[in-house]
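What follows is a single structure, written as structure tokens, with notes after it.
By written order: A, B, C and D. Residues from 1 in each chain.
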Amino acid sequence: MTNRLKNIKPIAQKVGDVKNSIFITVIALLGITLLLDIFVVEKIFNPLTYLYIVLGILFVRYGIPLLYTSRRLIQYYWQRASRNKLAVGGLAFILFLILLALIGPLFTADPTAVNFEEKNLPPPGFTLEESVYDLKTGQFITNRITGTTQHPLGTDDKGRDLLAMIISGARVSLQVGLFATGIAIALGTLIGVTAAYLGGKMDNVLMRFTDIMMTFPFFLLLVFIVFIFGPNLALIVIVIGLTGWTGTARLIRSETLSLRTREFIMASKALGASDGRIILSHLIPNVISLIIVIATLSIPGVILAEAALSFIGLGDPTVASWGMILKAGQQNLDTTWWVAVAPGIMLFLTVLAFNFLGDGLRDAFDPRSNV
Amino acid sequence: MKKTWLRDYIIKRLLLAIFIAWAVLTITFVLVRVGPTSPADKYLANLTARGQDAAQVVAAIEARYGVDIPIYEQYINYIVNLGRGDWGWSLSTSMPVMELIKTHWIYSFQLIFLSSILAALIGILIGIYSAVRQYSKTDYIATFFSFIGISIPNFWLGVMLILLFSVKLGLFKTYYDTGIPLFSLANLQQLILPVITLGTGMMAAYTRYTRSAMLDNLRKEFVRTARAKGLPERTVIGKHVFRNAILPLITIIMFDLGSIVFGGAYLTEIIFGIPGLGQISFNAIFADDYAVVVAVTVISAFLILMINLITDITYTYLDPRIRYD
Amino acid sequence: MEKLKILVLLSMIAILITGSCQVAQETKGVYISGTSAGDAETLNWILAADSASLGYVGHTLDSLATYDNEWNIQLRCAARDVEVSEDGLVYTVTIRDDLKWSDGSPVTAEDYVYTLKDLMFSDWLNYTYQSDWQEQVNDETVFVTPEVVNKTTFTITRQTVDPEFIYTVRNLTPYPKYIATKYEGDIDAFTQAPEFNNLTYTGNLGPYKFVEWIRNDKFVVERNPEYYLGKDISAPYFEQYIVKLFGTPATCHAALEAGDIAYAGIDPPHVAKFKAIERINVYTVPTTGYLLLAYNLRDNGWEGLKQKEVRQALSMAISKELLIEKVLFGFGEPAYSFIPKPSPWYVYIATAKYGVEPLLDEEKAKERLLETGYATQRADGSIEVADKEGKPLKLTLVTNSGNDIRENVGHLVKEELSAIGIEVELKFVPWATELRKYLMNKVPGTEQELGYNNGPRAVSEEPWDLMVMGFNTHPLSPSGQDVFYATQGGLNFWGYSNSRVDELFQRIKSEEALDEGVRKQLYAELSQLVAEEQPVNFLAFQLANAGFQKNVKGIEPGINMGYNYHLWYFE
Amino acid sequence: MTETILRIRNLRTYFFTRRGTVKAVDGIDFDLLKSKCLCLVGESGCGKTVTALSILGLIDSPPGRIVGGEIYYNNLNLLECPPDQLRRIRGKEIAMVFQDAQSALNPVFTIGNQIVEQVKLHLGATTREAKEKALSLLEEVGIPTPEKVANYYPHQLSGGMRQRAMIAMSLSCDPQILIADEPTTAVDVTVKAQILDIFNQLKNTRQMSLLFITHDLGIVSEIGDRILVMYGGRVAEAATVSGLLNNPKHPYTASLIRCLPDITQVKDRLETIPGTVPSLIDPPGGCLFHPRCDKALAICREETPPPFIVAEGHTVFCHLYSHLER
């Protein structure tokens, strides 16, 4: 058995080198475009695309190999998770949403196409009485506007098709939700686990750092920075990511505190495993169920934070996120109610989907639960 | 039981809290002054309309705000005044900063406090119920109900509640009347809608964490022992299991108070016209009123530090295994 | 911008008091006025720069005189209207003799002169509107000279003639000298003076007395029994007057609909609904605010805009009626110059009514562009708009995000210009960014400080071509708009310069305009010239809608609807 | 003849999982005599713990369920009595001691509190009386300074101490029957002897019947009166302890005894039984042990062996003894 391992080693080594070299060249390339972008007037990428590219590369370099090696584990967990019908439903909806966000815009009208002739169109089957004041007569000319199937969800006050806006909004809200939470959870978990595992001085330093970061009221800080440096989606994502991790850190730390004294940790320590290894392969998998609960809860929370920012006028104006549609709709709830209802429902379903999926995964990852 | 190490642990943490509060104060103090915006911005449009040249206007306003001298000098003056208990004068609301905070904090506090209680009570009950009856119909209904709160943005929910209950049904006044004395039934009555708006948002978090914490503990060995001791199911779940689930729960409750709530409270305050600290601090940001921004950040920072300390201390009582010596 | 629109509404309420004697009404009820604009900054009004502060203080302190809806003078603290000397240089003001401060001491001319000389003109206070009281004497900026004549009379002497200076004088409100001297010279002490921040000194100078001000919540004043105007008719008739602040327009409308507040301004989309509500009266009144599309005539704008014909062509492609119908829900009047219809100096523009039939025609617009070389004619006769090199024309339109009306105007302009082949890119930016990046300019390559009008060669940081803006014209002294349209105008950020326009502004402010007939003729010529020149595309003057509960009586709808608000009463 | 306090007749407890129905306990009969100790012995997975839990009605359902048989306690069939009545019996008349006190005791309550709770519930004692009872119980199980220990939390005690506290708790309401589920497995050898002494001492002082579950034959000889060997959810052999140890009849019991390491002999390899424990989802036909039995006959593969009486009180389920009467 062992000799098979022996001759695999050199091959793995070679493959590793090749992978590393590709990875480094790609990063170098990206660096050059970034420099070019800053100094050359014509923008090659906007900041958010950089974020995608970097995350994309990291995923390819580390994500896929990790997934590949633990594919049996994933298959096992998926097999357990899929028993929970609602979790499957949740995942299906999220995949549908991602699909919608990626290719949806190709099939729908242009969400930015303004057409004042068709403004404030209700969804088919509903009518709206809109009246315009005639200066000369001082009277109101009211005309009944009835919904057309051409705009299944109706139009907003600028005549833009709501269905198209919801779909393009999905992309924005998902980006904010997934990326910001991703950054926050990763940071939170690492700091939380390391602090609890190492304990003593390190725990104190990390926790005091968390305290300092945590004492800035999250929303106040977010509004503050977005107000000063201007509302831009990439900035919002990064700020939420870099400030939203403190809660996760504390939660993970308290969970790991009780885990630390468990036998299997002592055992692996006794076997000479390095701290890093213990944290990565023993502690983190054990807090994964808590991480998933936190993730499924913070994704909706982040989407709502973006909606709240748009509500107080700090949303990225160039982007029609669900928050921006909600804000516009909320002002005329008594007349054009459907403008606010459409994003409201989508947000509700998205939150529900994330949480049911979270539940399914949480129970699947919980070794003791008899799924 | 007497915990000798606890006393000096608290003293250490208090000193640390003061240091951290000071760090937060310094960071905020510099951060506000580093941004491109300046207090003169909002004057610019009106004043130059009178033909005064912009540079002279900006210089005059910044002199009045006291931001024309170098940052470290401003910082020294600020700290010296702070030593004398003077938090400075809020130029955007023309009253002393501390008095501004003293008159407005109660409105935010009562909103957050009541909402937390509502959210905790209902959220935890639903969480326990759906954990004990996992994958049952009630589990899904309870989960569904708890998600309504977190998924609907409270500014949208707030307006809907006002339109429905205050305008259409006329059950409530459409805005929060500060004329009504704080500790009165009328005040409670007018807080119902805002508390529902803010509370439902927080409730989902309690439900999710209670359910997760309960599920973790429901299958533990001591539950079987408790049942073997012949204890009624109520006691087994309510006392033995919940007592163990409470540790992660306390963390989330304390954590919630710190961050998300502050944002949610601000929006709820805007919608229902509650003149709480939320509105004060955000208007101060938009008006570049540095004294108020720094004061609010530092005070809420110190509050959060105290909450964290209390959380850590309750840990040792909730779970005897945890010690910090 | 939001604040300017509110300035109009609130100033309507603030200008007050009528001379005609009214039958005494019963004093009852609390009048609550709702608004969703921002809270005031200070009650120490001499330091304030926002309209809300002036609005609050206006309830407790009257100016010398004000105007009703037909601009007839309504005397307030002044016993007689301000007298102007033959040569238009000396203004004599006589105040009433029964004005008292809170401690009973009489209000004298000394207080008024002190307020001018030792507060407004002082260098330690940095009074925000100093330029109102300054004049150019052989290119040196000098203050006018106020002097006390006797207890109730003082004069203000100018060295140059400004026929519209009288409007500024009538607006004067005094500070109590016996209190202000305590804080003289120390801006911080003056800013934090308890008397000025709690309006403890206002005596009988206003219909109401200050009670309390809870920030972001409400400003409460109560009836002033000793009010000098209200003595014989026991005005005002409201026990308390409260300004209630709302976080969003939606909640403010909800409060009006539920009957919790007596008054609220109604946004255009909701007016029809409130009209239908039986117990609410909605008055549609003209305002002095107008929407406009500014053209960047500086070097970093599209060079075509520098030509009058091109600007006229663009104006012919943008329909003012459509804009009023679609964006303002009908609450607007087409504008051709900056003088609002309610202004006494308004004159009907016969020709050059661009943007309205017959000067609203896509084909004519394209022809005009063809004449100026910004279009090519194809074989089949159709005209294709293009820039000098024949490439399709692409313009950038900027406005401030968060202002729905201006965003909608931007979208409409983009749609209509694309109909004649011009592609428009929309840029919505926060107000602060718009000020710094697009309005303010400086001569490139120099160490010049950013300013709004740094001369012909100055350019803004970011290039732009079109900008949707909103300005306000003071109906009695439209010449104040020279700050936008005169070559040296302080806010002429888009770089318009026309010697004829400068000359007309100069003459309006000169001696010859003392004769109102001459001034009206000058204004007429200025309006016609501006309509023709199209420095900006004047789009529309906005109408405001004020919603009152039915039981509020005594309201006279009009441009200065609030002038007699101390006579309003609950039925 | 001493009187039986607990009679189990044809007890069947199944677990319905996705992979199939696990017949954990598939028809068990035995009697527990008053103030006697019956040992249930067998490899892990033979159903001895499930039997104990079935008696107290602590089977998690779903997925488990008691599908048949009767459990008579003083001629009251526990399977038919209402849940509330069963609950009152649990902890009062039939108590249980679990294997690992570390996880069986609630970590966030003191030892005293967890005992007092049970005493107050079942005996309606006041807190003060319950406290005294707890202290005397702790003393009875040999814990020094019971006043201090009562205020300790489980993690503050050593393995042995926790096990004693566990036993004290189970005795708090003077139960008629004490079920001990491998109480000595989780503790090291020296403590194991002390725990067994406690059980022996309890047997004498309290006339309490003891159902002792273990996989360690060594213990049985020290404490057990009768012994029941279980295999694959069924009884293989039942006899008095001395009778079985000296004269094991069932091949499985015999090989079990051979596996016992004998300190006196020097051997290089320990005896093992070839093959593995049968699957409980689709058990082999006939006698469950036949695949691993070196004396298996043809019949063993087809028919499940009925019980044969080989001596007084000694029955065996094995076709080798089919010549004897049933």
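Just a few scattered comments:
Everything that follows uses one rule, which is that a residue touches a chain if its C-beta (ideal position, glycine included) is under 8 Å from a C-beta of that chain, and two chains touch if they have at least 3 such contacts.
From a predicted model like this one, the values you see are computed outputs, not experimental measurements.
Central chain by Cα centroid: B, whose mean Cα position is closest to the mean of all protein Cα atoms.
Across the assembly, the mean Cα position most removed from that of chain B is the one of D.
Between the CA-based centres of chain A and chain C the separation comes to 46 Å, rounded to the whole angstrom. For the pair chain B and chain D, the distance between C-alpha centroids works out to 55 Å.
With centres taken as mean Cα positions, chain D sits 93 Å from chain C.
In whole angstrom, the spacing between the mean C-alpha positions of chain A and chain B is 23. With touch defined as above, residues shared between interfaces to two or more other chains in chain C number as follows: 248, 250.
Counting only residues that touch two or more partner chains, chain D has none. Counting only residues that touch two or more partner chains, chain A has 330, 333-334.
Every residue of chain D that touches chain B in the complex is listed here, in rising order: 56, 58, 87-92, 95-96, 98, 100, 103-109, 117-118, 121-122, 151, 153, 155-156, 169.
Chain contact summary for the complex, chain A toward chain C: residues 114-116, 119, 129-135, 138, 140-142, 157-158, 230-231, 313-314, 317-318, 328, 330-336. Of all residues in chain B, those touching chain D in their complex are 1, 220-222, 224-232, 240, 243-244, 318-321. In the complex of the two chains, the chain B residues touching chain C come out as 36-37, 41-55, 60-61, 63-64, 89, 91-96, 100, 103-104, 155, 159, 162-163, 166-167, 170, 173-175, 178, 269-273, 275, 279-280, 283, 287. Those residues of chain C whose C-beta lies close enough to touch chain A in the complex are 248-250, 253, 267, 269-273, 275, 284, 322, 324-327, 329-333, 401-402, 404, 407-408, 411-412, 414-415, 428-430, 433, 543.
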